[in-house]
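Shared chain: chain A. Partners: chain B in the first complex, chain C in the second.
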Partner chain A sequence: MTLTSTTLNAAGLLLLSHSVYSAWEHSSTTPPHPASSPFATSTSTLTLPLDITLELLLSLFLLCTGIILHSAPLRPIRWRAWAEQIEKDQSRPEGRKAIRAPKGEMVAHPFRFLEERRGFLDIRAKRMEFADWVRQAGPEVQT
Partner chain B sequence: AAMIDERELQIHPIVQDSMQHNTKTIDNIRALTSSLFGVGAGALGLSSYAGFLFYLVGSLIVSTLIFVLRAEGPKGGADKYFYNIWTGLWLGDLMGGLMGFVLTWTLVYGLVVA
Partner chain C sequence: MSTELLNPSSSGRPETALRISQQAPDVLKRTAKTSLPFPLSVLFSSEKQETWVELENLLVACLRTGDDKSARLCLDRLTSRFGEQNERILALRGLYEEAIAQDGKAVNAILTTYYDNLLAEDPTNMPIRKRRIALLKSMSKTGDAIAGLVELLVTSPIDAESWAELADLYFSQNLFPQAIYCLEEVLLIVPNAWNMHARLGEVLFLSAESNSNARDAALKDLSNSLKRFCRSIELCDNYLRAFYGLKMVSSKLISLLEVETKTVSKDKTGELSVPDKATVESLNELATSKLVEILRKGSSGEHGWDGYEDAELVAIQALLDQTSQKVER
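Moving on, here comes the complex of A and B:
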């Protein structure tokens, strides 16, 4: 995606500068319209050649597409859809994630706290684990 | 209507971070593209209403491109990325972009045409 947008932007900028230069050259080399009075300042509105106009419009379109493709993807605003994306992102490799966090920032899982609630700690299982560990460690810890 | 809105928000909560992120992204795109439209309008030698019409048409095209390329088009649903798609996308930051547009429009018009 980055390659596409960079190519589009580069091509658009090249065409834009070329067409603006062409327009400037055209307006500076074309003599003023004889029919217009010497006090009228703007005469070149309709006299710009068609190819320059088309090149300009095409370059603008390329640049717009490139800029939009280059921008960060939008994020879903409903909590439900957002959490779904983050959940899916956890199994995706780096670089293919749907939500790109800015540098030095993390997009946290919104339901992470559910996994870490102290009130839901299984104290009996922990006690059994501890007992197993004591039994395995041998007599020197069983003082 | 307010009661229904409130209930709807409780059932489907909104993520403020995502809304801010989307607004910022749209504003960035608008600022960049509208300055470019100003360059275009100036080089074409448009003046008065024609220039503003150019800006409106260009912004509409940009909004459509965002809608198709970034918001999954009609299949994504209007409310997946925007709380209100009219103020969020179609009219989003039109006035802010207009400033940049007029700035580059007058500059390039002055350089190229006059």
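Moving on, here comes the complex of A and C:
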């Protein structure tokens, strides 16, 4: 997937820069059309050869395909499906989550704060709970 | 690695807290303050909002695991960024002091000197007011905590977190009607919260269990609970918690409806009507088949069905065994 999209993007960029360069070369070397009226601007009279136009269009097509292939999978559009993934991601290990956050961003469970309630955190009880857990599962953790 | 720190899933569990707090040296090194002179620091600092969220999560995890030194470092770093008078920093400092307090006397001192003084200066300091309530709850002064929370909600009635906390406090005192009211307030503020719908369904179910002598009240609670679980399922596909609840409630409701065939007096419009037996039975069947499906696919680890915990699957198995035994009898 990555290889295909990278190849497509590279080819697209190459063709794009080549077509732009060709267009520039063409416009600078071809004299203005002799039949044109003196009042028309030079750009309107210049016609690009068909192959440059085709090359440009092809490069755009390749780039679009490459970028779409490269992008992250789309998130579910229906609330129910999205909620299911968010809910299951809570107990999925890192790396197997269905909804991946772009780097450095957060995709959190939108309603977990109502059950977690960080503002009302009872830290003393949590500390005791942790100490109990260590006592019970101590040997497992240390190994 | 940093994703988990940013958004610690199932943060209630000690394993997660331990794993996060073990990252403390790395994170503290990574986020070490770079000391560029003033104009350069504005141009080249790579400060992100996420950095501070990470530090805050790390602080809490370290306090839980008893790594007070790293917690202190996190707190210092946050303080140097946001200043000592920042409301959130004040609350985090209170949290730190609470965690390292040795005995009841020290805890009491935090309540009377630190929190009460801060609130005397600025009564609108919400994070500190919440911490004060949390500390009261921690000292098992639940009555005072409830009183404080009610007062807080009078001034800020759209704080869903506080409503949910109040519901939990009432629930811990077995005051079901009050807890139900608070959860309904939560749902007015966040109507799409599927977990809160399920929570309300659970509280309604327990409320019906507690007053099983009054049949009409129990029926009303149960049918309300049934609707809440259905709404929760509607909002979240394959939501195990809600299907489990739906199964429990519908079984209970069927047994209640069987006892008395006399139709319950038709309700006036606007009041919750008790669903008829056929509907409840089909909902029960639906919940059973869904639970069986989740159990089968979840335990075989089929693709896309891996997000259930083992304990949850065991609980489904137990519930299904229990009901199938009843049928055999």
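Basically, the second predicted complex is superposed on the first by the 78 of 143 C-alpha atoms of A that agree within 3 Å, B and C clash if a C-alpha of one lies under 4 Å from a C-alpha of the other, contacts with A are read in each partner's own complex, and residues count from 1 in each chain.
Operating definition for what follows: a residue touches a chain if its C-beta (ideal position, glycine included) is under 8 Å from a C-beta of that chain, and two chains touch if they have at least 3 such contacts.
Because the structure is predicted, anything quoted here is derived from the model rather than measured.
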>> In the overlaid three-chain picture, which partner chain does A:Ser27 touch, first (chain B) or second (chain C), both, or neither?
In response: first
>> For A:Thr65 in the superposed arrangement: first (chain B), second (chain C), both or neither?
In response: first
>> Quick check for you: in the superposed arrangement, does A:Leu48 touch first (chain B), second (chain C), both or neither?
In response: first
>> Contacts for A:Lys126 in the overlay, against chain B (first) and chain C (second): which applies, first, second, both or neither?
In response: second
> Between chain B (first) and chain C (second), which does A:Leu14 come into contact with in this model arrangement: first, second, both, or neither?
Replying inline: neither
>> Of the two partners chain B and chain C, which one touches more residues belonging to chain A?
In response: C
>> One more residue to check, A:Leu114. First (chain B), second (chain C), both or neither?
In response: second
> Can A:Asp89 be said to touch chain B (first), chain C (second), both, or neither?
Replying inline: second
> What is the shared patch of chain A, the residues that chain B and chain C both contact?
Replying inline: 79-81, 110
>> For a test of understanding, state which residues of chain A touch chain B in their complex under the given definition.
In response: 16, 19-20, 23-24, 27, 41-42, 44-45, 48, 53, 56-57, 60-61, 63-65, 67-69, 71-82, 110
> Where on chain B is chain A touching in the complex?
Replying inline: 12-15, 17-19, 21-22, 25, 28-29, 32-33, 36-37, 39-40, 43-47, 50, 58, 61-62, 65-66, 69-71, 79-83, 108, 111-114
> In the complex formed with chain A, which residues of chain C make contact?
Replying inline: 1-4, 6-7, 9-12, 14, 17-18, 48, 50, 53, 60, 63-66, 91, 95, 98-99, 101, 107, 127, 130-131, 133-134, 137-138, 160-162, 164-165, 168, 186, 190, 192-196, 199, 234-239, 304, 306-309
> Given the complex with chain C, which residues does chain A contribute to the contact?
Replying inline: 79-81, 83-85, 87-92, 94, 96, 98, 101, 104-127, 129-131, 133-134, 141
